[in-house]
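Following this message is one structure expressed as structure tokens.
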Amino acid sequence: MSLAEAETIIEVPFFDLDPMNVVWHGNYIKYTEIARCALLDKIGYSYDEMRIDGVMYPIAKMEMKFIKSAVFGQKLCVKTIIEELEPGLNIRYIIKDAKTGETLFKAKTMQICVEFATGKSLYEAPEKFKKGIECLKKS
Amino acid sequence: MSLAEAETIIEVPFFDLDPMNVVWHGNYIKYTEIARCALLDKIGYSYDEMRIDGVMYPIAKMEMKFIKSAVFGQKLCVKTIIEELEPGLNIRYIIKDAKTGETLFKAKTMQICVEFATGKSLYEAPEKFKKGIECLKKS
Amino acid sequence: MSLAEAETIIEVPFFDLDPMNVVWHGNYIKYTEIARCALLDKIGYSYDEMRIDGVMYPIAKMEMKFIKSAVFGQKLCVKTIIEELEPGLNIRYIIKDAKTGETLFKAKTMQICVEFATGKSLYEAPEKFKKGIECLKKS
Amino acid sequence: MSLAEAETIIEVPFFDLDPMNVVWHGNYIKYTEIARCALLDKIGYSYDEMRIDGVMYPIAKMEMKFIKSAVFGQKLCVKTIIEELEPGLNIRYIIKDAKTGETLFKAKTMQICVEFATGKSLYEAPEKFKKGIECLKKS
């Protein structure tokens, strides 16, 4: 199921490469974060809104599948899909070559909404987050 | 099951921290790589031996569980355990606080042995790798 | 003096921030590399052309001046200027806020052209590099 | 002149390498930070003490000279030398191969003491910092 989606283009920088001349596997996490931030921006619920609401969304779990290596200068299309908002925020990521559409990488993250002041886990998403997703659906 | 194990101490550097004053989640992958390299060194089958054998071991899958955040200067003990060598190399990682033993992070990687020249997947591990593990068991 | 120039827009990602909530000083080097690659692309003499010519351009010296800290999501304009091509490649970098024009960072790099096969320093730039700069000037 | 010195051993991790099979130039900054933190620890005036004193020491300028490339697994000895404490904190860095003593890299940083609450530059170092350096000299 998809509650909200976004697509982000990222160009592979030189410093992300390893001696095999491909992106070092740990650097794909950066691409998922850039894309997740773009998705949250689109929804209108990014880190600033979280701070105002007194919550944060640390990553609790992450799974990654490395299918084909990305190379220098390659334009990647990172698709992000919110699959679940409550009790936890589940996002799926698919990285494809922006031109050919070939799939290179897949991932899932599970994030928990945590009250900043108390450190307590909340199993409901903040109102503004839910409304942002509703607005995006209608548009 | 454990075919081989190692423990590596890592001290959290300042540049691994994020604005929450804890290690950014993507940086734990670096700790797993440092620890995996130390384990392979102990076995006597590190990147140089792979190169000589004409193989490489790219990461195909990775799972991570973030339990408690690490902080600046904290000494981490990264335990690595080879659980399977064939057909794929499966390694498990547990990061604990080196003093208190509190568990902070867990991960698993699945790597495939690939012939460098052809790009073909091999489902048997190189002889030297297997012998290295045998030697370690006896010691 | 300016032999060639380019401007690149970079948006500060979350993972570049440090506990002070600003970009960690070491991450500005990444911005200079992204911008230098964009400049070389514009000239038509990027890493692929260097490889074909059998040369590389390692950084020999770098100077940086940190004027004002960049923050999360800030759009930066990185201006790059080739000031000298021979005997060494000297590039100047100025990072400004893309909206306000406020200067945040300045840098200089000095690179040496090195013959890949021999490791010997060359004090003349490859023909294609010089021609690319000439073409850009006329356009 | 040397007010205080330290030496730190760093082993080059795989993820710091670039496609040339050497440490990417931007990663040397990480080594200078690890070594600077070790020096400040030895003096007894690290980030925690700065926080208690309500000051911070942002990097204002940095110069780097890349002499010879470091490679995977190489053990580096990073020597740090405080050359000036007031009005600014000037530190010099020399990275050598830990075994052969061959010099690979040199750098200088200039840091300014800034009052956290006001953002005002202070041209005197905090008392505890000066005392820590005095103690180290006598030992």
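A, B, C and D label the chains in the order they appear, each numbered from 1.
Rule of thumb we're sticking to: a contact is a pair of C-beta atoms (placed from the backbone, for glycine too) under 8 Å apart; a residue touches a chain by one contact, two chains touch by 3 or more.
Being a predicted model, the structure only gives us computed values, none of them experimental.
Across B-C and C-D, the chain pair carrying more C-beta contacts is C-D. Taking each chain's centre as the mean of its CA atoms, C is the chain most distant from chain B.
The mean-CA centres of chain A and chain C are about 29 angstrom from one another, to the nearest whole unit. For the pair chain B and chain C, the distance between mean C-alpha positions equals 35 Å.
Rounded to a whole number, the gap between the C-alpha centres of chain C and chain D is 25 angstrom. Each of residues 14-15, 20, 26, 30, 33, 72 in chain A touches at least two other chains. Against chain B, the residues of chain A that register as touching in their complex are 20, 25-26, 29-30, 33, 56, 58-66, 69.
Contacts from chain B toward chain D in the complex involve residues 13-15, 30, 33-34, 37, 46-47, 72-73.
Touching chain A in their complex are the following residues of chain D: 14-15, 17-21, 24, 26, 72.
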